[in-house]
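You will see two complexes here that share chain A, one where it goes with chain B and one where it goes with chain C.
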Partner chain A sequence: MAEEYEEYKILITGTMGAGKTTAICAVSQMKVVSTDVHNMDRAESAKATTTVGLDYGEVTIGDGAVLRLYGTPGQARFRFMWEILAKGALGLIVLVDNSRKSPLEDLTIYLDNFRPLVDKGAVVVGVGRTETHPAPGVDDYYEYLSDRGLMLPVLSVDVRQREDVLMLFDVLFSVLELADG
Partner chain B sequence: MESLDARQLRERYGPGMLARLKQLTSNNPGVLAAQVCTVDGFEVVAVHRNEESRRRLAAMASSIHALGSALVQEVDLGSYENLVLEGSRGKVLMMSVPGCDGTLLLTAIASQDALFGHFHYVCKTCCEALGQQFSSAQVA
Partner chain C sequence: MVELGIAHIGLRPPDAQRLKITVGMVTVAGSASKGWRMSALNQADLVVIAPDDSAAQAALDNRAAYPRAAFAALVGEADVVPPGCLRLAWPIRTDHVIHLLKTVEALREAPSPPTPAAADSDVLKLASLLRSVTDERDPNVTWKVRGTPDHSVYIVPVARKFFYRPALPRLRAMPLNVALTFERIGSNAVPGGVNPRPLVVLQWLVGSLTGPLGMLPWIEPGTALRMRRWPDFPVLYHDPRHRRIAALLSERVSPVTDLMHLTRLDSATVTGFVNAANLCGYVVPVAAGAAATIRQMGDGSRRSLFERLRGALGIAEA
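Right, the complex of A and B next:
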C-alpha cells in the first residue's frame, strides 16, 4: 500500500507583479498549472502576462508532507477568487513588492481581505525587491503591523530563489505551531 | 491586433461591438444579456442592466476562461474554444472572439427556455461578426 503523507493547502497572494507565480515555479516539483493571460492593463503593470484564475504547484517538504500551493490573482477585481481559494487554506504568504508606490498600503489590502487567516496568525509577509528599494525596511513593516495590533513575521525575500521561498514556508509552519500552542 | 486596453478598445470598436451584442439579444428572445470583455477581466461593452454585476462578470469570465484553457491543455484537447455553464434557471456561454489574438471574450446569458444548439449557434455567429470587425479595421 502506498505510504500516505499529510497534505496542506498554502495560499500565496500579493499585488500584480509581486512574484506569486515566480515563487510557485521556483519550488514546485510538478509542472505548474498556470492561468496567465495577456496583460492589457499596462497602466497597472508593465508585465506582459497576468494571472487571472490561479497558479497551482506542489512541493514535498522534509517530513514528506505535501504542500499544495495556490497562487491568487493580484488585482482586487478578482476578489471573488480570493474567497474561493482561501477555503481550506492552512496558511497564507503575502508577497509585497517594495518597488511599488505604497507597499504598506498594498499589504493592508490583503490583510483585510484574508482576515480569517490573519486572525489565526497563519500569515507570513515576504517583501521583495528590497535590494533596489530598501524602504520601507522590515522594521517599518513590523511597526506598521504592530500599530494594527498584528504580530506577523516579515522577511525580505527574492522569490526567484528556491531557498527563500522554502524559508517562507518554514517560518509559516513555525508560527502555525506556535499558534497551536 | 494592436495592443489596446479596454478603454481604447471601447473607444475604437465600442459602437460596432455594442451593435452586434444588441443584435444578439434583440433577435434572440432567449438571450438575456451579453458582454465582451478583455481576457484579463475588463469589460469592453455589454448589454446588461446591472453595472456592478457587469464588472464582476468580466473578471469572472476571465478567470473561468483561463481555468478552462488550462484544463483543455492539461488533458491535451487542443485549443480552448468555448465553455458552457448550465444553471437550473439558464445557461452561460463563454467564447473567445476570433481575429484578435485571443484577447477578447464573449459571454452570453440565456434563459432556461433557450435551446442550447440555437444559443450556441447565434453566439458563434456573433463572435465571428465581432472578429470580422477587427479584421476589417486592420485591413482598412
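Right, the complex of A and C next:
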C-alpha cells in the first residue's frame, strides 16, 4: 500500500522580473527547478531569461509532509496555467514590481485571475523596488484595494533579502490561520 | 493563594455539574495561576452563560452591574458567541476550562489607562507628541527631544521624518523611566550628516515601548479597534508576533481583550501593538457596539499546521 503524505501548496505570482524565482530560492530546501529560457519579450521586461513554465521548490515540514512552492509564469499569455496551479493552493503571494509602468494594473490582473484565493483572503502582496520607485506608495495600494472592497496585506519588500521573503510567508500564514479551513 | 469566583447562568444541570467538577480539579491540580471557586453572581470574576437562556441574556445586557466579571458563552462548534463574550466550547473539557481561566486571569491584569505614576512617564509624553505632530502643517516646525540614548531625536513633522544618529536598537532599549525634554526649534537646527528616517518608524517604536504602561491615554480601555491598513512591517522594528495580531484585526473589529484571548499573547505585547499601530494611524478606535462577534483563531489542527510551517522555514517567534 502506498504511503500517504501531507502536501501543501503555496503559489507565488507576479509580473516578469518581479522576483518570483528569487523568492522561492530564498526559502526552498531543494535546488529550485526552473524553466528559464532566453527572454524574447524584451518589450515586457529587460531580463535576459524568464520563466515560461514554472518554478518549483520544496520545504520539508516533517513526518513526510511537504510544502510545495510554485512560481507561476509571469506573462499574462500563460494565464491558462494559473488556474491549474491555483487548484488546491493554501495561499498566494503576489509580487508587484513598482518600477513598471502601471503596477496597480499589474496587481489587478493577478487579483482577478486568482479570484478564489482573493475571496478567501488567502493573499499577501509584496511590492518591490520601492526604494528606487517610491510611487505608487503602499498607501496608494491600500486605497486601490479598499476601492475594490479588499483588505489584503501589502508589504514593501526586497525579495533578495531572505528576511523579507520569510516575512511575506509569515504574514500569509497569519491570515491563513484565520481563514476557514 | 488569591481566589477568584466563577458563576454560571442558564447551564443545563449536567453542564453546571461538569463545570463545577472541572474547576475544582483545576484548582486542586494548580493548573491555573490562581485558585478558583464557584461563587454567587455578584462575587464572580467569570460568569459562564448559556447564550440562549433568557436569564443569561438579561445578565449580559446588564453586565455593567458586574464590573469585575468577564462573561463566557458555553457554545457548540457552530454556535455564535455573543459580542463581548469569551468562548467555552461545549462539551466542557478540562483543557478548554484551563485556557478560559488563564485568559480571565490575564484579562484582570489587562491593559488599562496608565496609572497616575505611569502617566508621568516621559515616554508617554513623547507618544503624545508623536500623535500631535501628525496634524502639524507648519514646515518650519522641528522638535528636538533630549534625553534619548546617546543622541537627541529631531522630528520634522511636515516632512514626516526624524533624525537620530545611532542605530535604532539604541532607542528600542530606552528605559520607560527615561527623563526626556521637548523643545520646539527651527528647521535649520537639525544637525548635518544624519540620515532622515520615516517618522512612522519612530511612532511604531515608541508605541511598542509603551505596551507595559497600558493603553495610550486617548484610547478608551474596552473600546473596539479597527485596522485601516496593514503596518508596513518590513520597514518597522516590530515583534514578529505583531503580524498575528494584525491578521486578526484585519478581519474584524475587536477590543484589545479579544485580541489577547484569541492570540493568547500577553497584555504588554498586544497593548504595544495597539499603541504602535494607533500612533502610526493604522489602527483606530471605533464607536461602541461595533465589535464583531469573536471567533476562535482557527481550529487546533490548522494552527498546528502553520506552526509547523513556520518552524520548517525558520521563522522566529519573537
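Structural remarks
What we mean here is this: the second predicted complex is superposed on the first by the 165 of 181 C-alpha atoms of A that agree within 3 Å, B and C clash if a C-alpha of one lies under 4 Å from a C-alpha of the other, contacts with A are read in each partner's own complex, and residues count from 1 in each chain.
As a convention for this text, a residue touches a chain if its C-beta (ideal position, glycine included) is under 8 Å from a C-beta of that chain, and two chains touch if they have at least 3 such contacts.
The structure presented is a predicted model; accordingly, all values stated were derived computationally and were not measured.
Between chain B and chain C, C contacts the larger number of chain A residues. Contact with neither chain B nor chain C is seen for A:Leu150 once the two complexes are overlaid on the shared chain. Of the two partner chains, chain C is the only one that A:Val171 touches; chain B does not reach it. Shared-chain residue A:Ile109: touches no atom of chain B or chain C. Using the contact criterion defined above for the overlaid structures, shared-chain residue A:Leu67 touches chain C, although it does not reach chain B. By the touch criterion defined above, A:Val32 lies against neither chain B nor chain C after alignment on the C-alpha atoms of chain A. For the contact definition in use here, the chain B contact set and the chain C contact set of chain A share no residue. The touching residues of chain A, counted against chain C in their complex, run 8, 27, 59-62, 65, 67, 121, 138-139, 142, 151-158, 164, 166-167, 169-171, 173-179, 181. On the chain A side of its complex with chain B, the touching residues are 33-43, 50, 52-54, 73, 75, 77-78, 80-81. Contact residues of chain B toward chain A in the complex are 3-6, 38-42, 55-56, 58-60, 62-67, 69-70, 74, 101-103.
Across the interface of their complex, chain A is touched by residues 227-230, 232-235, 240, 243-244, 246-248, 250-251, 297-299, 302-303, 305-306, 308-315 of chain C.
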